[in-house]
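Each of the two complexes below includes chain A, the first together with chain B, the second together with chain C.
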Partner chain A sequence: MQEKKRLLLADDDELLASLISFRLEKGGYEVCLKRDGKEVKEYLSQNIPDIIVTDIMMPYFSGIELIDFVRNQLKSNIPIIVISSAGNEENVLSAFELGANDFISKPVSPSELLVRVARELNKT
Partner chain B sequence: MPTKSRNLFSQLSDIEEQLNNFSFEELTSEEASELKMTFQSFKNNLENKFFGGKSNKAESQATKKSESSDEANLIAKVSHEIRTPLNGIIGFTDLLKESSLTKKQTDHVDAIQSASQTLMQIINELLEYSKLSAGLNELTSIEFNFHKLVNDVSYLCKTLIVDKSIDFEVRMDSAIPKILVGDPSKLSQILLNLIGNSIKFVERGSIKLTIIQVGLSSNDVQLEFDVTDTGIGISKDGLENIFESFKQAETDTYSKYGGTGLGLSIVKQIVEKLNGEIDVVSTLGVGSTFRFTLPYQKSNNNTAIVEEVTPYKGQEELLEGMRVLVFEDNHLNQRLIKHRLENWKCEVFLTDKAIYGLNVLKNHKIDVVLMDLRMPVMDGFEITKQIRSSKDDRIKNVPIIALTADFSIHDQKKCDAHGINDFILKPYSPDELIHKLLANKEIENFQSPSNIVTTNTQVEEGDSIVDLDIVYEDCMGEMDLLEELVGLFKENALEFIGKVKIGIKNEDFVAIKFAAHKIKTGLKMMKTRALSDFVENIHKNSETIKNMVEIENLFNCFIKEYSLVELAIDVEVEKLKRK
Partner chain C sequence: MWDLTWLFLGLGTIYFASIFYFRNKIASKEKQVTKKKRELSPIISEFLFYEENATKEEKSNYIKLKIEIRELLKNDFNRQVLSEVLLDLQKDVSGNTEKRVFELYQDLGLHLDAYKKLRSWKWQVVSKGILELTQMEVFDSYSFIKKFINDKRSVIRKQAEIATVTLKNDGLSYFLDTTKYKISEWQQLKLLEVVRNHKDFDPPKFSAWLTSSNRHVVLFSLRLIKYYNQNQSYSSIIELVRHRNHQIKEEAISCIKKFQIIEAKDTLKSVFWKCNVHVKILILDTIASLGNKEDIGFLKLAVNRETNFVTKNKALSAINAIVPETIMPTEGIAQVDMDSIQTLKEAEDNFTAFDKALEMEDIDPNPIDSDTITLEDEIETNKIEKNLDNQDSTQELEGEAIATENTLEENLEAMEIESTLDIEISEEFEEQAEDVQEIEEVEQIEEEVEVDLGIEEKLNDTYLPPEVVITEEEEKELLENELGINFLPFVINEEEIEAEEFMATSTTNIFNNNFFEQDSYNKILLLDTLEDLGGKKEIPFLKEIIEKDTSETIRERALEILNEFSETEYHINKKDAILYVNNAPINGDSVFKQLFNTSDRATKLVLLDEIMGIGDKKELAFLNSLENQNDPTISEKVKLVKRELEKRTHYQKTASSDSNEENEILESDVIFPLNDQSFQLQQSITYNSSKSSKESTQRKNNKGQIPLEFCFLLDELEIELPKPMGIFNIDFELTEEFYKNQAKNVSYNKNKKKE
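After this line comes the complex of A and B, so read on.
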């Protein structure tokens, strides 16, 4: 049996995060939920997940900084999907410039996110 | 210590004691500074009196006046504060009535409803009273058709006594000029208040309104009005302070008839503001006569510029089949207007709720909307705004006629700004109603005014204040998860409310911005469109526009709507559970 893919979900919005992690787990992923930049950094210093889904606005450490950290410090190419609030096109652009693979707008449809996550993982 | 200063000292120590028990945290900064000002002026006044010696009578009069107007301002503010949660209570009660209740529960809810409506009426009276005391209530001076006003008032009064065996009679000196210059809305307020008072206290018998000319010069005319009833009358003791605020004639008046004891005090203040006089004679058990005199200017304009309504007798048939949506909250008025419109073979839809009304607009081709501008839960301006921001052109452009007692509606700009096509002043006659209905029946392709302030509240098919279907689908039918999410949503909302409250107090735009950002997603998940729009606007106002007043307005709207949303969510969850 294939091992479950590990997914890091970084989002400080409890409501959205609970819903998404529930659906991703149902979809067969091992989800690790982190609520702020500090937790994310700690986790990444010990573990390398298969894919990262991150919100842009987070306490301590924004999603943009997270991408920068993963690509330029950890030198990792793991897929990163960014969750953006509507009207934050600028942030999405800088996320892509720094190496984000995909983005999805709030309010996030869990089913759509599942499809996007699977698509990114299939590419690798 | 001399008696006088001892009195003062004992009063001061009373105040001090009260202050010790007062929770100052509840004061807003505005209230606190007002308090400070009051104390300072008290201190200055005292100092001036004893050490300055400069204080003269006029000055102390002025201070006294400003103190009483401070007090009135405070009442005005407090009334407003009370009205907001009360609106919530009334809104909840309405919602509760729509759920399936047992007979007993329905009775209890009805009791809550009637009690809260009485409370609302009392608060409105209090507000009116405090506005008057603070001098906030401005008088207008315009030309108006005096005879017509009296007819309208008498018509309205007759509708109020249909259930009682009372004769109502008006006698008016026909020599009184038709067109006068003065404040017509204040006059109808006085008359309705006095006659309404009589109606309250007369079980059976008669009420008579007599109007005569008592003085006439080339420019002015002095009118005397008598309102005489065969009611319970007032005792000699009661007469002494009948016009005083919060006083009713007999100690058991309230328990029998209710009321604030403000009505007559309001009337007296208005009459005096209009440079008139009022008095009362009464015999216990026989009846009372309230007599007041008011000066009016004669109009130079002999050709009456005031809009004359020609009788539309026989034109009723033109109204046949017209579909009219009426927003009106007063049950008596509801009954009245429904009866009247149905007599003219119109199809009538009656409501006092925005959601219901908007649904009617969606599902029926409504020809004209009659909108009472003063309704407790959501006012007519707000509903008009929602109609005018509909995506559906047919709904957006429906003619809206305002029903109001506010004469400032004469201002065309005000109508335009609110998206109102036309207005009917209360009280109105059937002829006037026919006239306005016909005039607005044929309006096609009415363009809603461009300067109307619209919120982004879009009205769409199947619009409701909350929709849990999608999020429930995302939960894949797991009720536990849905309930957890709903719990989180409520927590988030409370956190938002708390943070914004503090943010407004501290003028902290950044804190408000973050709070707004944080709650956005949850609101979108729950599909609470109105709340989302308010928060979106709060976010915008805290980020770029930086308008704290607007933020406060939006925040108040949010709170009002949120209480309804929370209840609606619970109802939805229960519904989904039953499925």
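After this line comes the complex of A and C, so read on.
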């Protein structure tokens, strides 16, 4: 049996995170849900997931900082998909500059996100 | 008193207790809601992502969850939480999931709760119900919600307006047909936003509502017409320009401009005079866009009749928009006399032509040797001030300037043809010739002509080319043939002609004629000019002045210039004005001689110190005669003083050779060797290179002067020096410190004498 890919989902919106998490789990991923930047950092210091899906706006540690942390501190090339609300193009650009792999805007289509995650993992 | 205290304490306790109670109640409810949301979210997710092709396990799980949720929905709190969850979710999800959320909302019968809210008497509940139904896209609720369009409670009304437009394509038409209330600007924007994002929205012809009795509907319709480019209803729009309401008027004008409704021009013109400034500006802007030359008249009328600056400006810009550059800028522009400019241009052309003519001639390019004269032109020009006030005088002066230029041109040509002069004309000449046109310079010239003095100087300063080099032979020829007439460029008045005739009598030097006939002041001026422009060739003339002139001042000045030009030092015998060269020793000239012969030994030593400090060449001869003194102390002192004096005179010669440099620092260093103590007084006067030639002359005059400090010292010692060689003015003050030092030195000197 094929081992499930580990996915780190970082989003402070519980309801949406739960919904996305449910959809991704249903899609065959092992999802680790984290509510804020601190939790994400703690998790990443011990575990390296196969892919990260993160919201840009998070308490303590924003998605941009997370990307910077992963790319520059951890020196990891794991795929990162950024979730951002509409009209936040500047942050998205910053995310891409720092090394984000993909971007999806809110309102999120969980099915679309699933496709994007699969695509990024296939690239690697 | 205590009763009141207890009462307030009781009330305070109740107040804080109630705050604590309600706060806790809200917090606990929040916790409950959060907990319930966490419970419900997986169920909702299961429902949302359930697929028909699911496995049996999934299907059975789904059925179980359905039963479970039905049980939960029996509780009002659960229903409320579930509604909130779905409402939140529909904001964050899109696509198929969003549709599933809408379906789930209705499947679970939550929309019935929203309907119930519509029946509430509380405006906020009704409003919330309408919002829920709108967000969850319960289309069936349209017929219930549209009733609230004319609700007197504005929040409900506004919510109903948005719901009506959102839930049905025809909702906007219904709203525009039925609304009786004001539609705020913000509400119009929100409605437009809804309409814009409406899928499959087919905009009706909004011109139908231009006849609405509700002016807000008319205004909103006009905006929608503009937004959807519905340009079929020209007549209605033109008619609305006459509307009493300024907003509608503005919007109609805006439509006219956008759709380029040329037919509206007459209406716009007719309403223009009764409108406010803002509408007027819009009308003018529209006419500028639609208009043609026929509308210029109206715009000019607007310019003349309008008192408002902005309107006037807009009318002017409208004219320029229709016919570009009809109105030229006038503000802050100084008016220029075009005739004078034309005249000046002609003069410029004349000079250019003259310059070209010179180039075409065979001009000897080799510079002329030491026997040539160089006339330098140091024209300092100012820019033309184009001022109306000075226009008349300017014209006169310009005329004179042109005459001057033309005469100069003719003179120079004549000089060239008749005398075949080798003339070198620098590039500056052309620039200076142009500068001649400048009015201020011309004013200056006029003054100079009127004064009738220093014509040659001004001529050379102003109108001659910067470098006209003439050989000696040519000079003679020139002096004989041309000088008297052709060197004078001004053919302006009789006085000047007289001056020319007067100058023509000269056979030796161009300065000669003026010199003997002018008064002393003018003579000094001429000598100044001579000093600036002249050279060795002026030596005979200067000698003649010294011998013939009756004024001692003039003779001294001439002598000073003579000494400047000559390598040999000349002196005057004042009694019979005999000029002699200072080569032979002139014992009698030393001021110290008489004093020295009648003094005792101590005084002689002091005098020798003074000679060392202030003496010059004259004292050298005197010192030579003293070398063979019987007293060995005096003899040695004489030798020492002689050596020092020789050193200093050598230094002065070297210094004087550098005196022609531009930035000159004239130093008068006088060493006072007073009994082994010496002090040095130093005056440094720095001259700026940009100073005028007059200042330069004055500076040169100061060269033979002794420092003022030394004058005081001589005065104290009762020593008389020969008269100064030049005319100078003291233009500085001494500090208190100087006087103190001076007094100290003098007293010290006297004490020494006594000893």
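One rule holds in what follows: the second predicted complex is superposed on the first by the 124 of 124 C-alpha atoms of A that agree within 3 Å, B and C clash if a C-alpha of one lies under 4 Å from a C-alpha of the other, contacts with A are read in each partner's own complex, and residues count from 1 in each chain.
Keep in mind that, in the parts below, a contact is a pair of C-beta atoms (placed from the backbone, for glycine too) under 8 Å apart; a residue touches a chain by one contact, two chains touch by 3 or more.
As the structure is a prediction and not an experimental result, all values here were calculated from the model.
Participant: Label the relationship between chain B and chain C on chain A in the superposed model as either fit or clash.
Facilitator: After superposition on chain A, chain B vs chain C: clash.
Participant: Once chain A of both complexes is superposed, is A:19 in touch with chain B (first), chain C (second), both, or neither?
Facilitator: Touch partners of A:19: chain B and chain C.
Participant: Applying the document's definition of touch, where does A:89 land relative to chain B and chain C: first, second, both, or neither?
Facilitator: Neither: A:89 stays clear of chain B and chain C.
Participant: With the two structures laid over each other on chain A, which partner does A:57 touch: chain B (first), chain C (second), both, or neither?
Facilitator: A:57: touches chain B, not chain C.
Participant: Does chain B (first) or chain C (second) touch A:42, or do both, or does neither?
Facilitator: In the superposition, A:42 contacts neither chain B nor chain C.
Participant: Considering only the touch criterion stated at the top, classify A:97 as touching first (chain B), second (chain C), both, or neither.
Facilitator: A:97 contacts neither chain B nor chain C.
Participant: In the overlay, answer first, second, both or neither for which of chain B and chain C A:112 touches.
Facilitator: second
Participant: Looking at 204-212, 312-320 or 384-392, which bit of chain B clashes with chain C?
Facilitator: Here chain B runs into chain C along 384-392, and the other listed stretches stay clear.
Participant: Once the complexes are superposed, what residues of chain A are shared between the chain B interface and the chain C interface?
Facilitator: Overlap of chain B and chain C footprints on chain A: residues 13-16, 18-19, 22-23, 26, 106-107, 109-111.
Participant: Taking the complex as given, what residues does chain C use to touch chain A?
Facilitator: 37-38, 41-42, 44-46, 48-49, 85, 88-89, 91-98
Participant: In the complex formed with chain B, which residues of chain A make contact?
Facilitator: Residues 12-16, 18-19, 22-23, 26, 57, 85, 106-107, 109-111 of chain A touch chain B in their complex.
Participant: Chain C touches which residues of chain A in the complex?
Facilitator: 13-16, 18-19, 22-23, 26, 106-112
Participant: Which residues of chain B touch chain A once you look at their complex with the stated criterion?
Facilitator: Chain B residues touching chain A: 471, 474-476, 478, 481, 484-485, 488-489, 492, 517-518, 520-522, 524-525.
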